[in-house]
């Protein structure tokens, strides 16, 4: 496979383009997708780039089909992905529940938009619950929430490795703002940086004649006995729990002596980081805690932080979707919890700073 | 039990069937076993067991998830078509077969059938039409005949309020281009049904585009029919609406028929 | 009307079309000219003139763009063209058209009455070589050919906050070489004001330098 990035270089891109480039350098062989704002340019750029590097694309009839064709590609042993948002993410949960049941390394990029229903198309963090816990199951999936173009690039590459290494559906959770905003980043070939790409293998269409040279590879998601399902879910949940500590990622700063720790994820973290920097300059003991993986949550560090902090401010562009995940992780901790919830609205550094000052008085 | 079985004469099963999962999981008298026998024979005759992937739906078709000695994916209701499309796009060297019932193909998965056919996806769809939802206990399907009683049409299907039977192959023929293969067979004529399925697979192998075979099939369990009534329904009632025959075949496929 | 200026800004997605179009319009307005700035971004408008049109109007421009509040279902319904935009070339004075990206390239101008026969119209392709699909001479040449009608190039090479003079100058070298192959002029090298000041009146390839004030970062949706 020809390497799309021969030499590391700086580039100026929109977030959606970053995803297309990242999938390309990660060795993704096929994208299946259905148009929905704000993720369209992932397809626009994938379709511009794919023929140059002999990758495939199929525009499907809807997101159900986009998800299920991605499953077909993955089961054929190809690194395949799709991208969606909002109502498309809702439909995508059906194929994703099958991927969860059958432990299929499907990669999905979600560029969140406002909800419920059609709502707005650019700014929101309201797909956290759906993406982490969607489908009729136990949320055995991995969700990376990015906050910059460099992260969007790094974690899209990583998502393919995580998915194929652990065989859980893996999401990169961005939003319309990240999708459209423009900023510089470094494009690189992962292997040139020593990041080994995890290999793939087919689930079906394997070598040899089934029944003669090997047993047939037969995969199902239907069970009759409760006991059989129970064993299956317990096993998968056990696997998930085992990998969770090594998969979970977060970043934090100034939490050791903080009177107030501000919790956020994704694009809102940009505003929080700026606000915390400014507050520190003014002598306030403020820190931040930011989960990079929303599923699994970095439970240990989150709880430890919540036990030390006096006050926690949770800032998100949703009505408490991150807060719910955090409260579960930090259950029992004594910190006072305050919120800055703006569903479907942007949050600026100034707003965060103002709210923090209020809480510190 | 195993010892007894091996001493018996080899049963007349297609080579591609998986012997250790037989007897199969379908009801006595079910049409699925017959359709899958035709499919197995076609796979044997084409000698493609090593490169076929079989996908089955929700509904009674899922009971075929371990039916063949063939790599198999049991999918969701109506979603076998896109799974097989995705697989075929990623692995064009494989022969992919989506197997489903009338509910999966014509109701919940209709958008997938329509668009896969319309795009000319190079896959084969085999659909068993038994005029109702068997797996969920005999509700009305798009294919239920006027007047036919089901659990959701307890007084018989009224076309004024619930429409007429869904003409699947006719629809597929209307939205596909030259190169597609579309036929309706019946478990009442297995030789013909096998030839249709074989031609559908040959169509895919030749890369000519979408191939689709509907098989008129019986469900004595939900119809509550004895053997004579079952065959009467398949051979006399169903063809009143569903005409058996090739609806779209390329010149090459037709030639195959004459030679065959 | 001999000196009437009519320019359409085209180019790749995120190449800087709107930024260059509005800066050009402002420059002309500062010279006391009558200027109409037209938003024709229709594929996926995100950074558009809409949110900043009042600010631009305060500088003396006439801006033909929807206000977001006047629209319904952005990104869900198609991008509806403001009827006034279709007739923009019938207006007195200078007209600067910001045409978005898309496989249609400069064919978007077909939506504007009289564009095909306007004697003053110049179609300018904005190029940023920090964008990977227009990073090399060969890629730029192909890209510009795919755009359809183009009468000149603008080197708008930058890396956002990480831009240096050398980044811009490297863009000037590559874009100028592409322009030579295409037989087109490089109309200008555009750079943020503080960098433009360092470079001077002309870049290393002797193209005139246009200082830009960045408006578009705050012009979301």
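Letters A, B and C mark the chains in the order given here, with residues in each chain numbered from 1 onward.
The rule we apply is simple: a residue touches a chain if its C-beta (ideal position, glycine included) is under 8 Å from a C-beta of that chain, and two chains touch if they have at least 3 such contacts.
Since the model is a prediction, treat every value here as computed from it, not as a measurement.
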item	value
Contact-richer chain pair (by C-beta pairs counted) among A-C and A-B	A-B
Far-end chain from subunit C, centres as C-alpha averages	B
Where subunit B and subunit C are represented by their mean Cα positions, the distance between them in whole Å	57
Chain centre separation in whole Å, for subunit C relative to subunit A (CA means)	35
Whole-Å gap separating subunit A and subunit B, where each centre is the average of the chain's CA atoms	39
Per-residue multi-chain contacts in subunit C, two or more chains	none
Residue numbers on subunit B that touch subunit A, as the complex places them	16, 18, 49-51, 53, 58, 62, 65-66, 68-76, 79, 82-91, 94, 111-112, 114-115
Residues of subunit A defined as touching subunit C within the complex	10-14, 17, 21, 37-38, 40-41, 44-45, 48-49, 118, 120-123, 177, 180-184, 187
Subunit A-touching residues of subunit C, taken from the complex the two chains share	13-14, 44, 46-47, 73-76, 128, 130-133, 135, 158-162, 220-221
Residues of subunit A defined as touching subunit B within the complex	29-30, 32, 56, 58, 60-62, 64-65, 68-73, 75-78, 80, 94-95, 98, 202-206, 208-213, 216-222
